[in-house]
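In what follows, a structure is listed as structure tokens, so that the remarks can point back to it.
Read from first to last, the chains carry the letters A, B, C, D and E; within each, the first residue is number 1.
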Amino acid sequence: MTARAYTAKPASSLTEAGWLGTLGAWVLAIAWILPLLYALWAAFHPAEYATTFSWSAPLTLDNFVAAWHAAPFPRYFLNTIILVTGILAIQLFLCTLAAYAFARYEFAGSNVLFSLMLVQLMVMPEILIVRNYQTLSSLGLVDTLFGIGLPYFASAFAIFLLRQTFKTVPKELVEAAQMEGASTLQILRHVYIPLAKPTYLAFSLVSVSHHWNNFLWPLVVSNSVESRPLTVGLQVFSSADQGIDWSIITAATLMTSAPLLIGFLIFQKQFVQSFMRAGIK
Amino acid sequence: QTEVSFYFPVAVGGPVTKIIDGYAAEFNKENPDLKVVPVYAGSYQETVVKALTAHKANKPPAAAILLSTDTFTLIDEDAIVPFDNFVKTDEERKWMKDFFPAFLLNGQIDNKTWGIPFQRSTVVMYWNKQAFKEAGLDPNTAPQNWEQLVSMGQKLTKRDASGNVERWGIQVPSSGFPYWLFQGFSTQNGAILANSEGTQVAFDDLKVIEALQFWVDLSQKYKIHPPGVVQWGTTPADFMQGKSAIIWTTTGNLTNIRKNAPFEFGVAMLPENVRRGSPTGGGNFFIFKKAPEAEQQGAFRFAKWLTQPERAAQWSIDTGYVAVSPAAYETQALKSYAADFPPAVVARDQLPFAVAELSTHDNQRVTKALNDGLQAALTGAKTPQQAMKDAQAEANRILRAYR
Amino acid sequence: MNINSKQLQAYLLLLPAFVFLVGFTHYPALATIFDSLMSTPRAGRAPVFVGLENYQVMIEDPVFWKSVTNNLWFALATIPLSMGIAIFMALWVNDKIAGRSFLRMSYFLPTVLPMIAVANIWIFFYTPDYGLINQALQLFGLKSQNFLGNPDLALASVTVVAIWKEAGFFMIFYLAALQTLSPSYREAAQIEGASKWYFFWKIQWPLLMPTTIFVLVNALINAFRMVDHIFVMTNGGPNNASSLLLFYLYEVGFKFWDRGYASALTMVLLAILAIVGLLQFFLLDKRTHYR
Amino acid sequence: MTAVEFKQVSKTWGSTTALQPTELELGAGEFSVLLGPSGCGKTTTLRLIAGLETPSTGTIRIFGDDVTHAPPAARGVSMVFQNYALFPHLSVQENVAFGLKIRKTEKGEIEERLSRVLDLLGLGALRERKPSQLSGGQQQRVALARALVADARLCLMDEPLSNLDAKLRQSMREELRALQQKLELSLVYVTHDQTEAMSMADRVVLLRDGKIEQIASPTEIYQQPASLFVAQFIGSTKMNVLPVRDKCIESTDVTVSAPENAVSLGIRPEDISFEGSVDATVTHTEFTGADLLVHMQVGHHPITARADGKAVIQPHTQVKLGWQPSSQHWFDAQGLRIS
Amino acid sequence: MTAVEFKQVSKTWGSTTALQPTELELGAGEFSVLLGPSGCGKTTTLRLIAGLETPSTGTIRIFGDDVTHAPPAARGVSMVFQNYALFPHLSVQENVAFGLKIRKTEKGEIEERLSRVLDLLGLGALRERKPSQLSGGQQQRVALARALVADARLCLMDEPLSNLDAKLRQSMREELRALQQKLELSLVYVTHDQTEAMSMADRVVLLRDGKIEQIASPTEIYQQPASLFVAQFIGSTKMNVLPVRDKCIESTDVTVSAPENAVSLGIRPEDISFEGSVDATVTHTEFTGADLLVHMQVGHHPITARADGKAVIQPHTQVKLGWQPSSQHWFDAQGLRIS
């Protein structure tokens, strides 16, 4: 047996980033967070310092006060939360049922229906806005939070993800429940849904961040303070017609995205883990 | 009680939604049979999208503030009714006559008045007095004509040792509404861009090409204007930063600049060439055709109420827009405001020289043709001549259907 | 168990979702096909059947072609760059690295900031002379650039914003996938003396393939639907230099109110996305082959 | 009384036959083991009993009731799955009480039964744990508890110990067997491990290719295997099989008293002693602690004998072997036992 | 020559000590097995040798070179992981050639070595297959091939057989042992299965709670266990341990010739015969085919003896037991052997 000479280079451990990686990661992170840093700067300083950086700039909360008073943000906030959670809840409910049917039933036309469902993955509601507005107004749902959410209630993305996850649920678990006398819906409730929790979480992240940011459709459909979500309220500051007032825009932006940001900070571990266990990987 | 829904945009800084909500509340108190419901609808563009989408779904608002240039589009979509339908009494006839005539230009077609002026503007010139002083110019005199604009601009343009520009002499924005600011140049050069029927444009008129050449020359020949396309949105900030000594923009920005500029500034009419000139701008009040009769009537009453001199005066003070009738300028409030702050009446003073804002059938498409041409010339992609010839051809193609 | 009742149960489970799918996707999409063959209704003139005229107009429309080429460039840049950066991010924050939580948060940040607001901040970054990027450029003695006002830079500038917005979102998917890879692969490679790069290219990258396909499809779709920032930043200008297909579609539909032509444009977008969708279906269904 | 009765039961999927038409009777209160190599149809048989598959032909009775078309829950059987099939999101007690809750058993009764069965299996302290926090043996016990809590008449188990390591398997075997005897359970147990079958079963059902080869008690199946297949399948060290021709072990001059028709002679390693007249050459040895397995060559044929662990035997030495005539097993050309 | 040498090597994680300061020498060309119960530090020891962990204290030498701080790849070791860690997207030959490619071995040489090792392990026909298309045993062989192809001086294996079923495990054991002897490999093998250790090892290192209990050959460790722990850990049926007091087995009147200090007497089940003078009561029996395990009671103490599989012994009968004095193992109060 030949003793191998020490030819291999001392490889740096594959789990450590190394100084080059650390440097790269930090440079990128700084670049990525610059807009937020700038927002913090502009929002906490008077308008004349919005575009000039100086250590002597005084701190102020006036921009927040002004932004807060420019629109009924607490109400918008409430609307957005109702909208986002409402859409999510209904999506999860409807899509669970549909995904279950696709995952564990054999029925005529299942492939056709599945393809038809997938169509929605690529058809964006933005294009179909006029038609959908007509539908909504004929239902008398214009200017309601319910109406804003309606076109999004069925999500092909959710159905697709859940179907994938449901398909990975071990057959034995289902049979075990069956042996115990559980009905089809009981099996869904007690076996499939709890096991798909990571997928639900991952989809929730996608859905919430999408609808928290959605703009054009809510703008067209909402008329009153009672139905207007945050993004549309934010638009008061973003309209470039009168020139941009960065101080107020950034203050409003910070105010409105803080909940999602803080949420992510707190739950980042869980999110990553749930993505990990979800079908999307 | 009749509910009158009313869409309005926010185009300028300040708590516009609060003010409008306040108006509605006040009006509703005075008119218990009506309930005006103001709906803030975003920018001008978003408001017209919202209004027309609702119209197409047969659920339009009773009234809306939309760009005066949308009139042809609104007529072509069969979305609005003329005010003449509602004007019955002598008092109402007088009300219609009391507006500044320049503000009625875009709203009157085929001898009918389709839109009543509400938040109206002209392009004005802001100048940085401190920069003027630095450049050895009289801080209290703005350039009066194109030559002065160039010569003062050259003095005002400041370069550092390596030739980088620290301050531009003049800046005219060319994004957002390039055609609107260009109408300053073209009007001053004696050109009118469109006929009043909205069926013919004169983009390839020699005077128009010359005007464009002048704008291009400001940056390419005289080097006193930033190259390329200048952002509408950052122009006021550029001015307040001292990066441009002179800017052209809407008078609607007055309040904003007044609040935030860290130096003394002046406001003047645009300079003249063969004549003085500026387009009017801003939004008119429209009444929607598919709204029920009672709502239309309510909207009409609200329009009258909104444009009363006292209210128009207050609106002007709050936003910087031009009050819509001479009578407003006779009110105590506006008089003392103007005495205190003379720039507030510059836009009004410019009205005698003002022309209609470019507006035709299929307006946005024709406007886009011109905008693309302007930007092509300003970025050096085409000569002004070529750019305007192409724009004219495109406009002719679009407008053929309406002749 | 009765076969028919079982089938019926399946249909009942699908019904609620399909009411919404049909009502807000299929029906309007079909109506759009129909509309694209009709003239645009204007005051007093009812729409008439015009056959393929709208498509004819499209072929002759230079702005359409400009938008198509812009969009292709936009896609060609955003897709590989945002995915590439996402992989780097994921690899980094999957390793032991100083400040890992901060890095993760920074990368993910753009996902939670509304585009409407953030685009205005980017306008500041791009502003000539005193904008952040230009301040930096000048610090290094470089010339100030008019990023959004120069036709040669405008498209690139809005592309950067799109990449910034997307990379962190994709990173989450890659990070999750990396964490499911058994640590013993890494150890096996370590014993053989593999370098980081070698390990990445020969092991991690191929094993991440299913994720890459998933992300790729999302990136493809987003490349044709991300236009919020165009509205705020350039409006498609200068002279259509940054116009994208969906943006142009919006202009035709909601500025020009030309329903017939807008419908034809919609069909083009739908066709592109349908191809993407089919790709997704076939690739995703095969992606489990070595799991 | 019979717990399970198959009458001409078969199961086919398309062209594959998992179970050929079969007659089977398993006694009540007995520990029956279904044994056989992979793919022989053990799981299929068990699932037919459970009702998770419906037979292609025939009738299935459980304690006399025809359940051929009854759904699983109506058969009064419980089941322990190969990988336990514990619900990973439920705690030990929730797992065990799952079926009771589904059947809307009253709260107090659930609690009572739960406590009884958890105590019985020594799981009292682990009630709140999730399956992932349990060792393999503990998981096994939870699965067992879930099957027992329902007091089903018949309990089915599909290779419940195959995921455990040797030591644990050993102790679980004893536990399971003791429990079955204590509760007098009727139990049908699937395994492919003959040691497991031997040490636990009252009755072994040996399957091969969807057909029953032999049904017998462990002693009988070990000492009187019905066929060559059974003979070689059973036994921790494989039975030696030597071909016989003309009353001689092939390729040697060792004569044996073979009956008519016999073509193979089987001798178990532990039945071979190192005193006798058969010449053999040691090839190698294998130490297992208690024993030393001696691998040798007789003529051209390999043969293994079991020696004392303390013995020392070097490779390549020549040895003499012998065995009792009573430990000879004879098989005919079809591989069937000749007795 | 020593393949591996530990000098005062220890490993701690925060407050948990996985390995206490340890001296260890493993011979070159030997099959060394690290054996011990779960959590005793086997994997930690192996990973310290591989360089996947760095020791908290001490020096590690491999063939005399101090490698304490060398990265894994510089140590000239190869490793077979518990779950094989085959790259699922690479074919058999790509998996095996992985390390050679990293080391930029020349094409021709790769091909040559590859063929040699694949042929050696009977994988020639499976070259193009993906791991998912292989059976457990085949996967195991591929992992082995990958470890062997580098001709590393030292090969490490962490429970490589624990995922296989009993039959396959048996045959892989023999294969592995034969290969090691043929190639004269220096091999360090981790297992918690004593049967595996006994049948394969040249030398067994028995660990307990991060400390070495005994290092010895299988025969020695079986026949002269250094402690009570070793005595009971080794052996397929546990050694009987009877407490001794005043030269008597506790709670009986059986006198034994216990040495000074002896508190426990150990006797292996196979060393107990049914001829003698010790009274015992049969509690139950366990049939394994070749043998019958007879569980009895001597005084208050359980005791197990191994009888012939053909024997028939009924529960509750009284029997007499005996054993050779030479098969007695004595342990003191610390559990250490007295010889």
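Assume a residue touches a chain if its C-beta (ideal position, glycine included) is under 8 Å from a C-beta of that chain, and two chains touch if they have at least 3 such contacts.
All values derive from a computational prediction rather than experimental measurement.
Note on connectivity: the fewest steps through touching chains from chain C to chain E is 1.
With centres taken as mean C-alpha coordinates, the chain found closest to the middle of all protein C-alpha atoms is A. On a Cα centroid basis, the chain most remote from chain E in this structure is B.
When the C-beta pairs in contact are tallied for B-C and for A-D, the bigger tally goes to B-C.
Using the mean of the Cα atoms as each chain's centre, the chain most removed from chain D is B. Here the spacing of chain B and chain C, counted between their Cα centres, is 36 Å. A separation of 54 Å divides the Cα centre of chain A from that of chain D. With centres defined as mean CA coordinates, chain D is found 92 Å away from chain B.
Counting only residues that touch two or more partner chains, chain B has 49, 53, 176, 233-234, 237, 241. Residues of chain A in contact with two or more other chains: 8-9, 11-13, 50-52, 130, 235, 240, 244, 246. Of all residues in chain E, those touching 2 or more other chains are 71-74, 103, 150, listed in ascending order. Of all residues in chain A, only 170, 172-173, 175-182, 186, 190-191, 194-195, 197 touch chain D in the complex they form.
Considering their complex, residues 45, 49, 52-53, 73, 75-78, 162, 164-165, 174-176, 226-231, 233-234, 237-238, 241, 243, 362, 364-365, 368, 371-373, 375-376, 378-379, 381 of chain B touch chain C. On chain D, the positions that touch chain A within their shared complex are 50, 52, 71-73, 77-79, 81-83, 85, 87-90, 98-99, 102-103, 146, 150.
Within the complex formed with chain A, the residues of chain C that make contact are 6-7, 9-11, 13-14, 16-21, 23-29, 31-32, 85, 88-89, 91-93, 95-99, 101-125, 127, 130-132, 164, 167-168, 172-173, 175-177, 179-180, 186, 189-190, 193-196, 199, 210-211, 214, 221, 225, 228, 232, 246, 249-250, 253, 259, 266, 269-270, 273-274, 276-277, 280-281. Note for the complex: chain C touches chain E at residues 182, 184-185, 187-195, 198, 202-203, 206-207, 209, 290-291.
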